[in-house]
Each structure stands twice: as C-alpha cells, then as structure tokens.
C-alpha cells in the first residue's frame, strides 16, 4: 500500500490539505452568512417599511424623497387605527371565528383522515385525487354559488356563515392522512384485539403521534381566518360580524376616497402582531409538523 | 385492513366531510358547469326573467377574446419564472439555515414574516418601493419628483432610475416587479417545508459523505437534493397550482387595471380575466374558470408524471 | 500504515447545562495500532468505543490528545481529507442510488493526483464488489437488499477508495445469528486479503475474539487491557476483563488465601504458592472444572445440559457470587447424577483478584 | 355487496344536488313587475317597518346622518333605519348585484346612473313617478301632515341638472333622486397668477397660452394637473358636442370619431411636452402636485379635480399661514358661452320589495334627505359636496357661516360650493345603459394610452387605441 516516496509526498499533501481545508471552512461560513443576511434584509425590508410608515404623519409619508427613519414618531396612529376601525371588536370576531372554525375543522379533518387512512375501498385514490383537484379551481367561482346556498339556508349576517362553508379543507385531510399512514398498522390491529374502540384508539394513539402536524394545521388554519377577505365582506356586512380585513380595507378612506395609509399600516401591524407571536411560540411544532407529515408525494 | 364489519363506521366518520364538501364544493362546481353552458348567462338579467339556451357559446367567446392569449401568456410566464426561482431560493436558504447554529432561530423567524403580514400592507409597501411620481416618464420633458426606494438605491450606486410600474414602463420591468413580489410572498411557506424536509434527513448520510471526502457542492447535488426530491416535487406542484391562480398580487401592485397607466390589462392573468367578467357576464366567467381548471389539471398531471420519475425512493 | 493514539480524551458537556458535570467518554487512551492488523474495540455500551472510532474517522473532534496516521498528525484534519473508510452500524447506504452508484460515489470525489478515469473507477468498483461477493447485485437499490447484502455493500463502499484505515461500527449487530458468523469470517478474509489496518467496534466479545489480531477492552472510557484475544482471555489484568470475555462467562467465588493455600468456603481447593494471606475473589473458567469424586470443591448439582461434543453442568455453591456455576466438561467423562458434584481445578484456569482493586494476583503454576 | 352500497350513496348525493339545483337556479324570487302601485291606505304609520340603507359615508358623515335619522324618527317613529358603509362606490354596486340574485337587496342605496342601469337588467329598482305625483297626505307623529309626493315647489327647488339625472335611462321614467353632488372645478394658484398677472383661462385655447406662459416662468413645473382621465374625455365630448354613447339604438359606443381623435392628439402633445399630467399618469395625486411649494420640481399651478376634494387642494399651513391662496373657477370650455361641466356624486335609488310599506317608508326617508334644507346644508358642509336644492343657498346657517365666508384658505370648501352653485346650468348627464360604466372605464384607459403611449405614428396609434376601446366595450357588454 504505502511505498516510501508515496509517504513523503503524502506528508506535504497533508499539511497543504489541512491549511486549505481551514481556509475553505472559513470562506464557506462567510458566504453562507452573507447570503442569509442579504436575503433576510430583502425579506424584512417591506416589513420594516410597513412599521416605520405606520408611525409617520401623512405629510411625511407623502414626501417626495421618502425618509428611511421617521422624523417624528406618531404613536397616535396606532390609537387612531384601533378606534377608527374598532379593531378590538373585529379582533374578537376574527378570534372567535378562527378558533371555532379551526376546532370544528380539526375534528372533521381528523375523522376523515382516520377513515381515509384506515378505510380501504376501490375508488379511494381516484376520489382523493378528484378532491385534490378541487384545489385547482379558482375560489371566485365558488363564492357566487355558495352565496346563493347560504342565503337559501338563511345564514346571512351570522357567525355560522363565516365558519361552516370552509370547515372541510381537502389539503389538510391529505396532510394528516400522510401522517397517519406512517403509523404502523399493527398498532391498530393490536388495539382492536384488546377491544379499544376506534375513537379511543384515535384519541390515545393516533392523535398524540400526529400532534405536530395537527398543530401546524391549526396555525395555518388560523392564519387563513386572519387573511380571508372576499367572503366575509360579501356575507357579513353587519358590524357585529365583520372580520379584521374588512375593517382594514375601508375604515381609513375619507369621503373623497383618500386613504390615510400610515394609520392603515398601523392597523395591519396591530393585526399581524398576534400571528407573529403565535408563530414564534409554536415554531418548533410547525417545523416538525410539516416535516413529520412526510409529504412523500 | 379493516374488516368489512367496520365499513359503515368508516363511512360514518367521513359523513360530515362528505356532506359539507357536497354542499360547498361539489355543488358549486356543478353550478359553474351549468352557468358555463348557458350562453350569455348574466345573473342580473336571469333575475329579470331572461332565459338562456344551452350551448358552448361562452367557451367560444372566451377563446376568441383578443386578449385571452395575453392573459394565458402572462399566467404561464409568471409561473415559469416564479415557481423555479422561489423554489431554488427557498432551497438555498433552507440549506444555509440548516447548516448554521447561531442566529438560526432569529433568521428562521424573519424568513417567516411575510406569511403573517396582511396582503393589503404588502401591496402598499411594494407600490411605494417601485412607484414613481412625475410626468412624461421617458420623454425628453421627463420630470421625476419621487423615484421610489428601489430607484433611490440604484441611483445611490450610480445607476439611472428605471421606470418600473408607471406610465411608459416596459413590459419587462413590470414582469420583474411582479416576479420579485410573487417570490417574496412565496418564500416563507417553501422555506418552511424544505427546512422541515432537510431536518428529517438522517444525519448519517452526511457523515458517510464526509468520510467519503465529498465536496460541499457534491453533497448538495448528489445527496441533499435527491433526498429532498419528494418535498421539492410537492413544493413545485403546489407552486404551479398557486401560480396559475395568481391575481391578487397583480392587483396589489397595478390595481384593478392590471397594468401600468397607459397599458391596461398588460399583466392581466387568467383569474384576472375571470374577475373582469364575473360582475357582468357570469356565464363567460364560469367558462373561463373551467378552461383554467383544465389547463391547471393538465399541467399538474405533467408535473406529477415528471416528479414520479425524478423523485427517488 | 500504523495509527497512533496519544492520550486521546473526549469530554461531552452534560445534556442539561444546569447539572454541569460532564461525561468523560474517552479518558487518556494511548495505543499504537500496528499496520495491517485487525483490531477489535470491545466493551459494554457507553464505554467510549464508538466515540474513539469516530475520533479516528474525524467525524468527532477530540478534546485532548493526538492522532497520527503513520507520522502525520491528523488530529485537526477533517474527515473529508483523512481518506478513511467507515462502515456505519446501519450501513448509511444512499437510498436513492443503486449499489453500483453507492460504491462509485467515493471514487468520484477523488481530486488532483488521485483522480481516476471512468474505466478505472468502474474496474475498482467491480473489484471491491467481487471482493465482498455482491457483484451480481450492482443495479439493485439498497431497499431491495437484505441486511447482510446491505452490510457487504457498505464494506465495498468503504474499501473501494483503498483507504489508509478501515473502521467498522458494530458491523454485525443488525444481522441474524447465522449471517453474523458468515459475515464475520468474510470481514476477516477481506482484511487479510487487502491488508488494510482495520478497527471494528463491537459489544459482542465472542465476535471480537474470534477474528481480531488484537483486542482492546474498554470500560467507561478507560482502556482496561490490550492484547491478543487468547492472551487477554487467559491472562486478564482485572476482574472486569475476566468477566467480560468468554462464553459462558467466568464463575466468580469469594475466597481467601492462607499459608499458600486457596480456600473456597472452608475447603482448600488449590495450592497457590507465593501469594500473601488475604481475602481474594476467585475466577474459575468453565473449562477449569474436572469432575472427581473426591475433588476438593463440592457443589450442589442443579442440571446437566448435553451439547454434543461436551456437557455443561450447572451447579451452585454458597461462596459463589452468582446463583449458578456453569462448567464445561467433555462428554465422555460421566457425571454421576446425585445431590452433589465435586471437582478438582486446573490451576491455570483459576484466576485470583484482589478484593480491594480487583487487580490480578499471580501465582506460579507448577 | 360493497359496490352496491357505493352506488346507492352516489345516487342519493345526485338526487340531493338536483333538488338544490332547481331551487337555486331560478335565482330567487321574481321581482314584482311593472311600476310601483301605491296601496289605497297609503303609508301605514302604525306598522313597524325596518329599511336598510347602503352608502359609502366615512365616520364624520355617518354622525350627521345619525343625527338627522333621530329627527326623522320624531316624524315617523315606526320606521327603523339600518345603514352600513359597504366600502367604495364599486363595493356598493357589487354587493347589491350579488344580493339581487337572491332577492335580499337593501331598501335604499347610494348609486350612480351606471349602477342603476345594471340593476335594471333585473328590474330591481322602483320607478318613482307614481310616488312623486301622488297627492295623498301622510299625517306625521307630531300631527303635522305632508303630501306623499313632491309638491311643485319642491320639484322646482331641485337643481335642474341634478334632478334630470334620474331620468336618462332611455324610458323617461324617474329612477333616482340626487342626494349630494359634486362637479369638476379648476383650482389655480391665485397668488402666483396675480404675481405674474396671468389671466385665468376660460377656454382651452386660453389654457394653452397660460400653460406656455407658466412654463417659461417655471420650466420644471407641470402647469396643469387633470385628475380623472375618464371625466376629461367625456366632458370634452360634451363641450365639442361630439358623440360619446347612446342609451337607445343598437349602436351604444359612438366615441370613435374624428373630433375626439383631434382633441386627444392635442392633449397628447401637451402631456409629452410636460404641460399637463393626470392622476394615473403622474403616479400620485394631482392635488399633491398643486399643493407643492414652487421651489420643488414638478409642482403644478392649476389642478382640475372634484369640487368635493377642495380641502386636499389647499397647501398645509407653514408657520400658521397658507403659502399661497387658492382660486377656484369653472373648468375651461370649448365655447365659454355654452359651458358643459360633469355632474358627479351619489344619488339614491329605492329597490322593489314585496311589502309596499317598505317602499313607502323608503320613499319618505329619501324625500326627507333630499328636501330637508338643514340636512342638505349640514351634509354639504361636512362632505364638501354641493346641496341639490337651491333653497339651501338662502338658508342662513349655510349662507352666513359658510358661503359668505368663502375664501382661498380656511373656507375653501365654501368657495368650491359657490362655484358649483353658480354654474348650475352647465351640468350635463351621460346616458345610462347596460355597458355605460364599461364605456366610462374604457375612455379613461383610452385617454391614458393615447397620452403616454409611445406611438411611432401618432395618428395611427390613436386610431387603433380608439378601435380597441370600442371593441373592448362591445365585448364586455356581452
């Protein structure tokens, strides 16, 4: 294996290799960090711009050369935003709608995913592909038909109309089903043998194992409620049922149609903050949930 | 699997989902097909008692509309540009994030910010970054009062202000702005999925690669990417489905005219086309939606086929 | 190429910061691994054998001491540049590559002077595959192979770049019993044929002893003894090594030495000239018992298991530290069934250890 | 056995869809056909009735409305008014159109003629003629009585141009009553004009001369900013008397003609030379360019915009004083003796409802809002819009505390209202039909394209732009 000349050349190699390797390590570390910091700046800049706009006065906001640091901080914008769009009320409505719809849809998603994962029938995959197909249809078409349906049910201007139509989301059933499929079948059969009912098994075994995915579904669902705009505005115009984005859209336009953007930005910041907190606390779960669901396609 | 005795129980669990899906998903689809086959259907006149004959008039009208191809072209162009770009960027960011320990949590949170911000604000901010105030842009009597933040940066580095989204701006400049906006919005979710995928790859493959003396680049191309391919395929497929439905981002930047002043509809997309006729011509809007559904379905089938071949294990 | 470990130490900060005490995985390990030898790193789980292996491979950085490949100090050199072959416990074959691609993968990484042409690579890969007899599985995916086959692919992948040293992390633990024997022999054969310095880690002492040129017994990060298997088996330096090697394990008794004679219970069982009077721990190898009606050591007979070539007699004795004493006697000398059985002891199969530090106490064997 | 069960469930689902299909497809209850017939008993003041009112009022205007609803309820305690700000004008239109498809549209709504034209496809709007002409009397809670319909004085009190807006739906019937109106006026930097003794232009030729003069004085300024391109195009058609659109006949979109090509070409030249800009083309608000300090580049000295936006056309105070005084006058005309100015601002329409009492209650409230001088006065002062009835001009609050104080600074809205009231004969209305709102949008976009498009051959470019606009209108109208 190692003839003599090979060894000496070898030694020189070794020293050169080790020096190049340490330099290589430093260079790659520097490159990774500069790339990440650069991308982070690009991603955060609009967010930063939104925040400083939210504390500027209208005149400063409309300066021809925009100021990167606000000359005077107008925290009153936040107070105005809260009162003008009565964010408190909208916030509670959105929270209520978000929580109830998330809980109900979780129940439905878990049951359906469980059935799909356990159930074996001929057309199963075809049915599932068809359901996934519905995700491809632009939502706008559903709105006009669903509007007629909910009206014939008499649900107008109520929380029901904001919650019920979107309880079933095929995507989350798909996500959870993938997760359930990873739980070995023997567990189910073993549970069956010692008499545990389906629901107990679901509660005791499957849900704990799929917890991360369930949590990420919950978070993604809540964010959906936060951003929904077209449907709530159409079916729930009464202030008692308005959601956040309705408030944001037209609470700040004066009679001539001129929008007070800084106050609107302040409102958006107030609205985004809770979501931001939710993300920070549950980040670990979202990460695991998404990867654990093993979207193996 | 489940003995047949339990069959009806499984159907019972599925019942709530099926009922809701029937009412709020299946029925709207049927109604859409119905409206698309009623030639010239308009919901207002229908209330007024007008009757319509069945036929494919609506579909013909959609296909003959002289801007139909432009809308389709814009949709395709935006998809072809943004889906790969955002996927590659998300992959690079995810890999880098996965490779560092300090600052990882902070950067991860920053990269997720766009996901929690309301879309109204984003449109407003991007408009402020690219919008110019002045007159006769590009002409010799051009007056520029505000050049927009991006142009201020360009001028800072000695470049000349570019007319991104205002009257007289070029189609290319408009597309660049749209790509930046769409990618910016698409990154968080993609990074989340890919980072999740990266962390579920068994560490030992990387140890084995290191012992085999593999260079950083080859580790990336020959191990990380192939092992991530199911996630990548998923991100690309959902990316295309979402990309084909692009509309609100264009409204966010260019407003309802879907194009810069003087060139309305230049960046109109398929969903934009549907929206234009949704308020007056529901029959035509339904036909356009079904055509779009057909296109997305075909593209997704191609994607699934390609990814089946490319995805490993 | 010889490998030299100089006071190698590895300390892991404890999991929870608050507790503060760290775990010393490897403690001051010095050992010169001769070129071309097959070394078995042996010890119970958590004794630092795998950590040592990974430090040699470069995947773990030592906290103290040095590692030399030949005369070069590679302590700081990263795994990529050490040219080491490593076989993981669960093989770590790239799932998305065929067997051929897996084996070719390390060769494609060679740069500079060692760069090979396509044909050379293929030829080397085929050579390695034939060496481990899997040249007929080249186009299969790892998921389509059995445990044993995957094991051999992993070895082929480690060997193909003709590494300076081959490291195996518990290579046989995932195989079924029959396959384990067969693969053990093959590792031995391959090592002999290629002559690569090989270190393999195992907790199965039988496996280590059967194929190693040298074995290193470790406990809680500290090297207990290094030597040839038979030598370490016959001449353990402390009770731990004695107990650890040999199946069935050594039988241990409490005894005392008085006036040059060893007493178990109150029976004098063996003359031990040159040993000071003291309480001792007595280890007797199962093959050290010779049944003899008027043998000095009298035990209560429990059962007799016939194993063909020899017979295993299970008995018990009040002074024994373990409830059962197992002795192996060859089949043709009968054991009379009855209440008790008495033995005389083969002197060189009786090992004395000091009660205080369990270190070995020697005595001349006539 | 398994497939049988699946088949059964599939059939069950299909059956369910079919009956849903029949229920919904007819698009809710049919609207009562024909004009509104007043029941003999007239308005029953004993019966409780609730009416809903969709509008675009901001919070300040809603306060004024609420105060006057209290007054209205003193007269009619049995009528409960529920009102909602649905968003902008287009939001109101879209919301109502969707609600009409299921038959639960509101009772009263802010509307523009274009919107009503679309509601008429579903014959959803009540024609007001029978109500206006009715001479029934209604006794109010405080014992006083009022005739249900509009008395001759009340009709005469309406500003004729605004009142006529309710009738131009091609069938001469009355569909809406005007609530509060605005128009376009020419704001000019009075201080600058006096300093350089420039005369305020009354015709487009004078405007060209003034612009050139200003350009010499301040080369990097944009002398004129015209806010809405659509209004500019339609107003020019009216001023030249050239064709724009027609409600009747099979050809609706007539604006592709030589006269229009000519003035568009002329204004293109102005734009290219930096004489004029519009809101869309400038990327900002033309009022902002007008209120910019002279020293800054790109400021304007004249701005044509909505009379309601007067306060936005006033520069912010710099250490307690306005940098310049704002003058307001009628917009330049082709023929100053026969002025034509657009009329904008919301009107009110009443939707058909099964219960005639709801229609009567809605009528009474609409009548109250449009004919009560105090409300019209206060609403105008708060909104910057102009009252629709002349008698508000004599109302002492409106006159002394508002009109008489008109000036180019603190009371700029009053000055704008005065100008609007003085030019009441100049208002024109465009025909309203299914497609008229498309026409309005398309001519606005046409103006933008022709002014800023980089045409190699200007004339051909303009011709093609016009043709495309007409084609688009025809396509959209379906």
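Each chain carries a letter (A, B, C and D) given by its place in the written order, and its residues are counted from 1.
As a convention for this text, contacts are C-beta pairs under 8 Å (C-beta built on N, C-alpha and C of every residue); 3 or more make two chains touch, one makes a residue touch a chain.
On a predicted model such as this, the values are computed, not experimentally measured, just so you know.
Chemist: Find the most central chain, measuring centrality by the gap between its CA centroid and the centroid of all protein CA atoms shown.
Modeler: The most central chain, going by mean C-alpha position, is A.
Chemist: Can you give the whole-Å distance between the Cα centres of subunit A and subunit B?
Modeler: Centres of subunit A and subunit B (C-alpha means) sit 16 Å apart.
Chemist: When the centre of a chain is set as the mean of its C-alpha atoms, what distance in Å lies between subunit B and subunit D?
Modeler: From the centre of subunit B to the centre of subunit D is 36 Å.
Chemist: Centroid of subunit C to centroid of subunit D, CA atoms only: how many Å?
Modeler: Centre-to-centre distance between subunit C and subunit D: 93 Å.
Chemist: Compute the distance, rounded to whole Å, between the mean C-alpha positions of subunit A and subunit D.
Modeler: 41
Chemist: Which positions in subunit A are in touch with at least two other chains?
Modeler: Expected reply: 64, 121, 144-145, 149, 249.
Chemist: Two-or-more-chain contact residues of subunit C, please, as numbers and ranges.
Modeler: Residues 78, 80-81.
Chemist: Any chance you could list the residues of subunit D touching two or more other chains?
Modeler: In subunit D, the residues touching two or more other chains are 2, 20, 24, 27-28, 101, 284, 288, 296, 298.
Chemist: So, with touch as defined above, which chain pairs make the list?
Modeler: Chain pairs that touch: A-B, A-C, A-D, B-C, B-D.
Chemist: Going by the contact rule set out above, which residues of subunit D touch subunit B in the complex?
Modeler: 1-2, 5, 9, 13, 16-17, 20-21, 24-25, 27-28, 30-31, 93-94, 97, 100-101, 103, 118-124, 220, 222, 271-274, 276-278, 280-284, 288-289, 292, 296-298, 434, 438, 445, 448-449, 451-454, 471, 475-478
Chemist: If you look only at subunit C, which of its residues touch subunit B in the complex?
Modeler: Listed in rising order, the residues are 57-59, 78-86, 88, 90, 92, 94-96, 105-106, 108-111, 141, 143, 157, 161.
Chemist: Please give the residue numbers of subunit B that touch subunit D in the complex, ascending.
Modeler: By the definition above, subunit B touches subunit D via 4, 7, 11, 18, 22-23, 26-27, 30-31, 34, 40, 42-50, 61, 65-66, 131-139, 141-146, 166-168, 257, 261-264, 276-277, 279-281, 284.
Chemist: Quick one: which bits of subunit C touch subunit A in the complex? Just the residue numbers, please.
Modeler: My answer: residues 1, 70-72, 74, 76-78, 80-81, 162, 164, 195-196.
Chemist: Can you tell me which positions in subunit A touch subunit D when the two form their complex?
Modeler: It is residues 59, 62, 64, 84, 121-123, 144-145, 147-149, 151-152, 156, 233-234, 237-239, 249-250, 253-258 of subunit A that touch subunit D.
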